[in-house]
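Chain IDs A, B and C follow the sequence of writing; residue 1 opens each chain.
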Amino acid sequence: MNPIITLTTDFGLKDHYVGAMKGVILSINPAARIIDISHEIPPHDIFKGAFTLRNFYRYFPKETIHVAVVDPGVGSTRKAIALEVDGNIFVGPDNGVFTFIYRESKSYSIYEIKNPKYILSDISFTFQGRDIFAPVAAHLSLGVSVGDLGKRLRKPVELPIKESEVRRDEIIGEVIYIDSFGNLVTNIPAELVKSGSRIYIGKRIIKGLSKSYADVIKGKLLAIVGSSGFLEISVNRGRACDVIKVNDELRVKIKG
Amino acid sequence: MNPIITLTTDFGLKDHYVGAMKGVILSINPAARIIDISHEIPPHDIFKGAFTLRNFYRYFPKETIHVAVVDPGVGSTRKAIALEVDGNIFVGPDNGVFTFIYRESKSYSIYEIKNPKYILSDISFTFQGRDIFAPVAAHLSLGVSVGDLGKRLRKPVELPIKESEVRRDEIIGEVIYIDSFGNLVTNIPAELVKSGSRIYIGKRIIKGLSKSYADVIKGKLLAIVGSSGFLEISVNRGRACDVIKVNDELRVKIKG
Amino acid sequence: MNPIITLTTDFGLKDHYVGAMKGVILSINPAARIIDISHEIPPHDIFKGAFTLRNFYRYFPKETIHVAVVDPGVGSTRKAIALEVDGNIFVGPDNGVFTFIYRESKSYSIYEIKNPKYILSDISFTFQGRDIFAPVAAHLSLGVSVGDLGKRLRKPVELPIKESEVRRDEIIGEVIYIDSFGNLVTNIPAELVKSGSRIYIGKRIIKGLSKSYADVIKGKLLAIVGSSGFLEISVNRGRACDVIKVNDELRVKIKG
């Protein structure tokens, strides 16, 4: 089967950036299959790129090559890396965009991209998606191994991820992500919340978990097990982010 | 030829939702070819999803599998369905998103998706695009037949579609869709409008049909046969939706 | 290898337009591989389409077919064309969208699309992306040659491109494009600017070229060699377009 390369970037779709990356990939490996994940990661928002990556990569077949370019430090001393985790391959900047991969995997091996054989000869200081990450992904899709790219990297950059905290019968968490429907994704693992739990967020109290958005009337706030495995706060057919502030305090009384 | 699966959703391109669906499809059928139609259907706007579907599906080869996920009732009692119409296959929620397919086809067979063999084992209540519709589409692309998915469904949910009304020498219609250029698509079949017709919309009168936008000077209102087969109201190099209100009364005097 | 067709349009992703084009292509050549470049060219902005095309096409393998539809004159007397340049093939309206291709290539041959064999039989006056450009691209991908489409066209429409001007020790230029990060792309070829140069833009003076955005502190203005080969004005982790006006005068004192 022809190899799959996924693309997750903050390049937007108005410019030529994504197109140039696709051209480079197909020039090196015309058989590669390019799958767009998102080019609408908010500019320079490494955390959102990292969280998106966490939430889709495990659904792809092993040996898929995932390219993630959210890269405010492009051209600086930040390293370019490729890594292998349980048969999945990732390519991108060493700026924390792979943080969740490191945290949720038992073992991984990371290599700094240095080998000039696998990158373009004239490297731009502003667009390494085209000049480094795209050609490396294409070469990996041709069978080059991550170990051929350069030296092993021991300590990659990681984002500080705020985890929720369990204190006696209470969980203290926060909203870490707002999706495009306005749902608030928290950092509270959904399995900790019970049907009898009470969720306190800002000045609102939500009693228990809903099984679907339609469990409450239109416009009403609810808590639900989100598809990423975290507790989410939503409004049936509305936008929870218009009702709740991201910085509102979030506590769950486990036994209500 | 490798099977084609198209995706039409309201998921937007900022989150991981589309990526996760693509991963699920490719994990089940690595040979599937995924074609993005739109992920920018306005959130929860089933009518816009239905109208988009109507306007592109007939251009695809037979046996294409069209997945449509605009699904405000996800996780509720709304059914998940797959249908076959003249060799075209559709997968999505039973909420009216296929209304035009039912209305414009002579015969179709609809099946409720129930067979656990063809869906993921752990179904989320908020993201059935990933857990039901993507895997079903992938299995259909491997040769599973829609009849294997579950029982036949006799009465699918249909949206109320307002049709235009011919009264003597007059047609009463309305604007049903605004495209991203600001063109107003009406529900008046274009073949009913003659070159000598007069179109009354709000306080404006348009005389006859233009053959192209450039038939009138820049900024001027015109009526034209739209590419979906309906009468459209446009502004040459401008946005008709800034001039005409969607709720403005629309009448066509057929013989002017 | 299956032929590649790229799509660059101003159709946006909310409507069925892109989907219908893809369906037409795959119905004619089911083996075609469709690569989305951008559907977010600002509506009717031929220059932005032309500049985007210039910046990505050279990265694709030869024989790729590039379809560009930014077409405010659709349905008017503007011609539909296909051209071949150094083994690259382009399809679109004759409205200047290929201006940079003409200017930066030594030789090219352009043909007017007239042969009814290669277009749909019922041509809409508002959506020739679907009815002319998509089917022509699909037929070209099956081996039809551009010369089979119609007569040779001697003088294609070109956009007036403002080039920068070198006067003694000074270059007078302007901002020609703002990308989605807010970077200002100028029309000054980057190789003319030296590390000791001074860039005067509006009321600001930038001394010399930065090698990366991170060369200056966060929020500070800088000049850099852009990835398209032109001088760019940027703000480290910010948006230069919020600081500098597009119409601000731009001069570079070459020797500072």
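Observations on the structure shown:
By definition in this document, a residue touches a chain if its C-beta (ideal position, glycine included) is under 8 Å from a C-beta of that chain, and two chains touch if they have at least 3 such contacts.
All values reported here derive from a predicted model rather than from experimental measurement.
Grouping the chains by touch while chain B is set aside gives one piece. Of all residue numbers used at the contact between chain B and chain C, under half are used by both chains, marking a mostly different-residue interface.
In whole angstrom, the spacing between the mean C-alpha positions of chain B and chain C is 30. Among all residues of chain A, those that touch two or more other chains are 13, 36.
Against chain C, the residues of chain B that register as touching in their complex are 1, 4, 6, 8, 13, 35-42, 48, 51-61, 64, 179-181, 183, 211-215, 224-228, 232, 234, 237. The residues of chain B lying in touch with chain A in their complex are 11-20, 22-24, 26-27, 30-31, 34, 36, 43-44, 72-77, 124-127, 130-131.
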